[in-house]
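What follows is a structure written as structure tokens; I'll ask about it next.
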Amino acid sequence: MRTYIIKRLLQSIGVCLVISMISFFLLFLNTDPALVLLPPEAEVTDIAQFKKQMGLDRPVTIQYLDFLHRVVLYGDFGNSFVAKVSALQLVGERLPATVKLAVAALILVNLVAIPVGIIAAIRRYSLMDNLATLAALLGQAMPLYWFGIMLIIIFGIWLRWLPISGSDSLAHLILPAITLASWILPVNMRLVRSGMLDVLNQDYIRTARAKGLNERKVLIKHAFKNAAIPLVTVVGMQLGLLLGGAVVTETVFAWPGLGRLAVDSIRMGDYPVVQAIVVVFAFFVVIGNLLADVLAALIDPRIRLE
Amino acid sequence: MNMARVQAQELLRVENLKKHFPIRKGVLGRTVGYVYAVDGVSFGMQAGKTLGLVGESGCGKSTMGRCLLRLHEPTSGRIFFDGQDITRMGHSELIRLRTQMQMIFQDPYSSLNPRLRVSEIVGEALRVHHLVPRRDWANRVEELLKNVGLQADHMARYPHEFSGGQRQRIGIARALAMQPKLIVADEPVSALDVSIQAQVINLLESLKDRFGFSYLIIAHDLSVVEHVSDRIAVMYLGKLVEVASDKQLYLNPKHPYTEALLAAVPVAAPGGRQRRSQRKLLKGDVPSPIQPPSGCRFHTRCPRMMEICTLKEPPTIQVEPGHWVYCFFYG
Amino acid sequence: MSELVEKIESEEVSAPKGSLIFRKIWHLRLGVIGGLVILALLLTAIFCPLLAPHDPYAQNISNRLKPPVWMEKGDWKHLLGTDHLGRDLFSRILYGSRISLVVGISAAILMAIMGVGLGLFAGYYGGQVDSVISFFVNCMMGFPFILLAMSLVAVLGPSLQNIIITLALTSWPVFTRVTRVETMKLREREFILAATSLAYETWRILLHHILPNLLPSILVLGTVEIARAIILESLLSFLGLGIQPPIPSWGAMLAEGRNYMLMQWWLAAFPGSAIFLSALGINLLGDALRDMTDPHLRKS
């Protein structure tokens, strides 16, 4: 067990490193901070001097190592070109909003997916099952932002039930959360359903029933616990999906979170901020995967033996 | 078809062949132990003859067969084929070697590519190795199929349309396409119904009579190799325990393991052989090849175990010309 | 005891006969619907010059923001209304199918080639090669797609080719994962051993023996990825990083429409519906394909 964790931890660190490398080089190729920061009339010599000052004329690898050094030790991504404050600070300001959105979406998703999935599995071929399958199918084909826009149009403009932008109250959270939730709902529903199906067909469930156990107990105590395993692993991986979906959702609803910051920063070439966001995102995703894997290994001893 | 001339020289010689599979654990993949699949096997085989290699599941006989074809890399020891040392042969020479040694596999359901037609399966070798000019491919494939008892109109069909026995025949035809000198048959009939087993074994024998191959037949059931082998080698837990000619083994078995194997063979004629009353049942289970017993591997189950059997590896004792046993009892 | 067993057996969830048959037909029907949708999409993409009543680029400011034909002030000349530059929405949607299909299919093919190729190597050779490739795959999957795509587009510039390349570069890991696992399973099958013992060249074994056995899985995955690529392309366009106007990409149209959501909702609704229906159809087909080829899933 310990070796498994260590192995995964090392892998995760490696992944983070590689991601930071890729993002660094991508942005390095992409933007020239001198052009962004200096006024357009700057002379060639001014530009050269500026670069020297900022250390931008050194070889790429040196710059990367310096970057790594700064980030790991001080969390210093440099200052945002646009806002003139520390990039990490900017990220920190916007992070809670995104987290709020993601958590709300996650709760919503599982609130719906788990019961629906279970019922769909228990009463196979029933109306509920078919509806759920249909919903999953539709959900997978639905472009996220279109769904968001349609929600805005229907609930915000036609019916005027809910506010459509900004983030002041709980009411503001509803539409964005639903939108983000729809990104992940189909997968979760399917997983719960197929997980339960697999488990329900196993012999030990028949044994439990034969023992005369209350059906409810059978389902919850025996079946669901085992069916939950694939769900747990997926939730970890979904962190990445959620973050990706957040980018779009926040753009549609003008939600002041990391996603919108990312889009704006890329558009404006504010690369310290973009780097900070990428690294933070990747960090969460990798941690999420790691936690999910470890959790799964804890619950299911078979994984540990591999 | 040429008849290969029967030569007095050896076609195959194996010297102290060992194949150990490392067991890795831990973060860095440390080797914590080995599976001693083949642990020092030596024997020789003459051209035009059939050698039966018999033993229980897990005794290493399949691994042995695959080492011969270099499908596994031997850990140590040497293999001589047709006088040449092939143990460490390089890649390009290996290709030439492979055309002379072929294998028939155990599972008829996974030994044929389900997506290719029979004609392609059997004929691919012709194409790859340019054995026959292009315009003759179809004829040659037809010929090969007929040799194994199938028909020309089977050529266009897919494996799943055939029974297990027929699939084995296709596998045999595929091996024949290369006109090898040696065919290693790895449990060729274990996956077939008993009634079909005899058919396939007979086919192998008739092919040998016609084309003069040499066979190494690997099996876990003595009755399978009984009447087709010229010589038989019995293997246990990675080592040989007895090697003898067909007749010698049946009439005069020496090693207690061989006797037990023979006693397990169902006898056709009731009251035929006296051995039935002397059921020699073995105690216990086969030990793990990861931690084989000290000294003689068989001592944990041997009815004639002596103290020395736990201490040293048994010597090679010649009982009669061409008949060797590896046992202290006869030393 | 046996009565107890019988009772349990009979209480097991077994679908009523009718429902089982219905479900089979239902599945088939869904696949057929999917196929029809794709066919419609293909035909639209090919024949849009004939089908579209107007030139999708033709601007007419005096005619801007006209509503669809069934609303007040709409007319038959512009079935679905016009956008903020007076361009006919219906024609633009028709032409948009070309963009979506080209991008979707090209990206899917490209990522399939990359992903399957790497997966074959990882699965067949194992060992170090596998470790390196798998590690790389894990890295790619850890990278939030959106950010990677946005960064790539920002570097390469938002042209049609670059969008395709970007999509391919961000999604190939899925193919590699699947291919690798299947290749590893196949590698142990005896007919591959036979091919080795028959001294076939490695490329022949990979392409002629292993790959054909992988095709069902790759095909299913490819179908789903086409749909995903279409959605993701529209996503990028929506964020302003994809196909640039005036090229009629559904995603760009959606982005433009967002500004007019309040009054001219049709500018956002219809392009979005087009994306949705296309993706739905492709997914339906993909699901049907998967049901046909996977013996395990067929039972459930």
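Worth pointing out:
Should a chain be cited, it is by its letter among A, B and C, assigned in written order, with residues numbered from 1 in that chain.
Here, contacts are C-beta pairs under 8 Å (C-beta built on N, C-alpha and C of every residue); 3 or more make two chains touch, one makes a residue touch a chain.
What you are looking at is a predicted structure, and each value in this text was computed from that prediction instead of being measured.
Of all the chains shown, the one with its CA centroid nearest the global CA centroid is C.
If you tally contacting C-beta pairs for each pair of chains, A-C comes out on top.
Chain geometry summary: the mean Cα position of subunit A and that of subunit C are 21 Å apart.
One inter-chain figure worth recording: subunit A and subunit B are separated by 56 Å, centre to centre, where each centre is the mean of the chain's CA atoms. The distance from the centre of subunit B to the centre of subunit C, with each centre set as the mean of the Cα atoms, comes to 51 Å. Of all residues in subunit A, those touching subunit C in their complex are 11, 14-16, 18-19, 22-23, 26-27, 29-31, 122-125, 130, 137-138, 140-146, 149-150, 152-153, 157, 194, 197, 200, 206, 209-210, 240, 243-244, 247-248, 251-252, 259, 262-263, 266-267, 269, 274, 277-278, 281-282, 285-286, 289. The touching residues of subunit C, when paired with subunit B in their complex, are 189-191, 193-201, 204, 209, 212-213. Interface of subunit B with subunit C (complex): residues 66, 69, 71, 94-95, 98-99, 101-103, 105-107, 110-116, 124-125, 128-129, 171, 174, 178.
Within the complex formed with subunit A, the subunit C residues making contact are 4-5, 8, 11-13, 15-16, 19-20, 23, 26, 30, 135-136, 138-139, 141-148, 150-152, 154-155, 227, 231, 234-235, 238-241, 251, 254, 257-258, 261-262, 265, 268-269, 272-273, 275-277, 279-280, 282-284, 287, 300.
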